[in-house]
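Listed next: structures, encoded as structure tokens.
One chain, chain A, appears in both complexes that follow, with chain B as partner in the first and chain C in the second.
This part shows the complex of A and B:
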């Protein structure tokens, strides 16, 4: 058998172009369904794992899928916001821990998540370098953000302006990077974390400016009856530092500040049932189990995958037939060569062995190639495909 | 040129090694998938360890020390030479607060740093919440308007709540609730300790009420605006200035004092700390007695919160002639 393999190997090396073409088409035929199945399984598992680790999610009434996608995977869907009063209401029940989440902001193409410290312990996120959030204006970046932007503690990152052409709109806030997180192999790797109060400042709900009591007359338009009206010269801070942190303030009732969604962590099963019962007839809010919503999404992916597999198998069958045809034609063209081999003393069985070895080597190379690309795509294509699915959901 | 079939007749062809490599690749792929799934599982929400309660001022630290069962450490980390209300803790100190099992805030805007610090909401207890609504304003701050936000003021809230003994008692009860939540099995012992503390605070409350009965509505002065709750709870007519006990009175300060005395002819002035002798003399020249009434936001050099408060009440009772001086 070894000599048959040797002759087959030499033949394939000699006809490199034909061999390469056949190996490539075979590897696509073999690899595509395998890669598709493996990727789909990995993505469905990873989506489900994230959803299953989030017991309950409170949001405004509307698309449950949009709520889950924005709150769990940080893909902006423009969901309506709750208020901090809703989070306080959950806390006051004593049945669960409420973790507020403010989404929708971006910093250099990465989503900014405004949340509380409880989020980090809830998700098991650990600091790789630096420290956790301590004050307003600080941020902690996920592993992928740190790697992509080359960020480390001591650097800064700007939030994206929410109103590009609105000169009176909110200007970017410079966030101080105080820590980077260890990779968690999930959406948290691609996020910038800030205190929810910092998110409100970045949105323009809170601000800091020079003290009007001590400001010069060039800043004050008029002072009357204890009221000072400032002009556009009033310095508003776009960075929160130790020196100006105390000047930052919020207007209005704090209980009305927006929160995109609230992760609700019930104390036990009984608390979970009680909480779900409380929101069953709520006309403005929905308390849902993310795993249930993601299960629905996965079923849609599965249905789509079955249709796609049918197409892929049809194309694959055509490729296989083409391969057989090429091999048969090739053997017919090689009839003189085979005759010479027989005259030199080679048995018919040996000739079949050589031809079989050629097929075996080509199929083997195709499988190896398909496995290699499968591995590469599984490593680097998961996030891309996950984004594609969630953006389109 | 080296041939693939050497003298030994061995041929390098893809064989079992390739198969092993392919199998290896598939196994690695499978292993990565499993690892990712594990990494995304939710962690435990609680962690075991030594229990600590962090407070933002000394009165809360005192109440906690009085009520806490064994095994709970009380920490008030502000340096001795700063006013905890205006203290700015460094990031590492905030980190220590974050790791505490219970963080006791005073409320009413006390400890401004807590407004811009990131603290775990689930472990915060605001002791003055629900004790009074609304809290007293400081009456300071410029009403102003800039940008599209409309008119607003950064007026502060008076925060020395514990000088109203009933408010202090309410705060102590909230401290009790926090401790019971932390150590449910110690409920009875904490409640017993609270009863004793309640008696002592109620006694101080009665003595302050007795003092105001004698003093009536005669005007008083305060060296700093920290006695709003004392005035409001017991009916003292107090106007505040901004005099520092360790600084001599400037001509502008004297002018301000004289202008105030014209409308508010006070004969008694409360001080957070003993003023300089020349300040005392200048006030004495205007017929004003100085009385030390330490708010005890920081631990005293000797004694504790209650001994400081008892001494405060004694001095006030003596100055107002509600009780003979010792």
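This part shows the complex of A and C:
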């Protein structure tokens, strides 16, 4: 067999372009279904783990999938907002802990989550460096954000304006990084965390500016009944510092301020049942179990994957037939070589062994290549594919 | 050395038959087989080497009754007792010259590719003047150089008999003479019997025996 392998290796090496093409085709044929199955299993598992760790989620009536995807995986879906009054209502029942979440903002391409300190203990997020949130304008960044932007406590990050070409719109807010989180191997690694009030400031619902009482007349349009109206010259702060923190304020009723969703952590099973009962007939809001919604998504992924597998196997079959055709034609072209072998005294079995060794080497190389790419994709493709699925869901 | 007696042969698909009443070529002889195209020269080589079994008659080559051997035994006999030189050389373009010379060792378990075989290959290459091409591929060589590689491959297993089917047919006159010189030299040096098919009657005076195959009974249907 050693001689057969030697001859096969020399032949394949000499015809390296043809060999490489065949090996690549075969490796795609062999690797794709396996990688797809493995990736799909890992993604479904990770989606489900996140959903199962979130007992109940309160949001506005609408697509339950969009609500779960935006609240749990921070993929912007444009869901309608609840208000802080809804969070207070949950708190006042005494049945559960309400964790408000304000999503939809971005900071340098990473999602910003405005929430309360309870979120960190609820998700088991630990500070790797620095400290947790304490005052307005501070942020804590997930492990992946810290790594990819090279952030550490003391650095800052700008929120991305949602209305880039609207000069009168909301300007970016500079957030002070006070801590980085340990990796949690989930969406929290790719998020920037701020207090929900900081999120409102970043959205323009709260703001800080030069004191109108001490401002010069060049910035005042009119003064009437103890109130002053300023013109565009008034200095608006785009960063919350110790010096200007007191100037930040919110207008209107705080109980009407928006929250995208509320994580509801019931005290016990009975509280869970009671809460679900309360929202069953609510016409404006929905209280759902994320695991149930993700189960539905997983079933869709599974159905999609089965269709894809069918396509891949069909293409694979065509590839295999092409491979056989190429090999048969190649052997036919080598009839002189086969005749020489026979005339010199080589048995047919030996000739088959040499041809078989060529197939074996190519299939072996294809399996190795498929395994290598499978490993690489499994290592680096999971987050990418998960984002793709959630964005498209 | 080579004895054929009342040999009858017909290809299984029909179309050509050959009968050889009597043929004797002594050991160590340089013999030429001549005859017009289609007279059965190549068929005669095939019968002597055991590539084709006869339907009747007796064939004794290098002291072995080839006609009595099984197909597997004939293959074994061929690779251990017979060296072949083909007109179109039939070298493998994916092997270098060294590996082409050693090729028979890769094909049969009875031949062991050991240090002795490698030394023999190198010595043959030196004798044939192709030692500096050992690492090159056949397509980098001239026709004459390729023929010398084919001769080295035929001789490397130290066969008792060398069968050459128009080995100089593709060579120019000067190269032809030189290739023949080398082939004779090597066969003489190792006391090998040589039976060479040729159409070139100008070479016949260099052979000790000439076999006119057209004198045998060949027929086409």
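Here, the second predicted complex is superposed on the first by the 369 of 393 C-alpha atoms of A that agree within 3 Å, B and C clash if a C-alpha of one lies under 4 Å from a C-alpha of the other, contacts with A are read in each partner's own complex, and residues count from 1 in each chain.
Note that in this section contacts are C-beta pairs under 8 Å (C-beta built on N, C-alpha and C of every residue); 3 or more make two chains touch, one makes a residue touch a chain.
It should be emphasised that the depicted structure is a prediction, and the values quoted were computed from it without experimental measurement.
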Which of chain B and chain C A:6 touches, first, second, both or neither: both
Contacts of A:106 with chain B and chain C, given as first, second, both or neither: neither
Broader residue contact with chain A after superposition on the shared chain, chain B or chain C: B
Touching partner for A:97 - first (chain B), second (chain C), both, neither: first
First (chain B), second (chain C), both or neither touched by A:359: neither
Partner chain in contact with A:308 - chain B first, chain C second, else both or neither: neither
First (chain B), second (chain C), both or neither touched by A:327: neither
Partner chain in contact with A:345 - chain B first, chain C second, else both or neither: second
Set of chain A residues, in rising order, touched by both chain B and chain C: 3, 6
Touch list for chain A against partner chain C, complex: 3-4, 6-7, 10-11, 13-15, 336-337, 339-347, 350
Touching residues (chain side chain B, partner chain A) in the complex: 4-5, 11, 13-15, 18-19, 21-22, 25-26, 28-29, 32-33, 35-37, 39-43, 45, 88, 91-92, 94-95, 98, 112, 115-122, 141-149, 151-152, 154
Partner chain A, residues of chain C touching it in the complex: 49, 51, 72, 75-80, 82, 84, 86, 88, 90, 92-95, 99, 103-108, 113
Residues of chain A defined as touching chain B within the complex: 2-3, 5-6, 9, 38, 41-42, 45-46, 49-50, 52-54, 91, 97, 116-118, 121-124, 131-136, 138, 168, 178, 184-186, 195, 197, 209, 212-213, 226-231, 234, 236, 240, 242, 245-246, 248-249, 251, 265, 361, 364-365, 367-368, 371-372, 374-375, 378-379
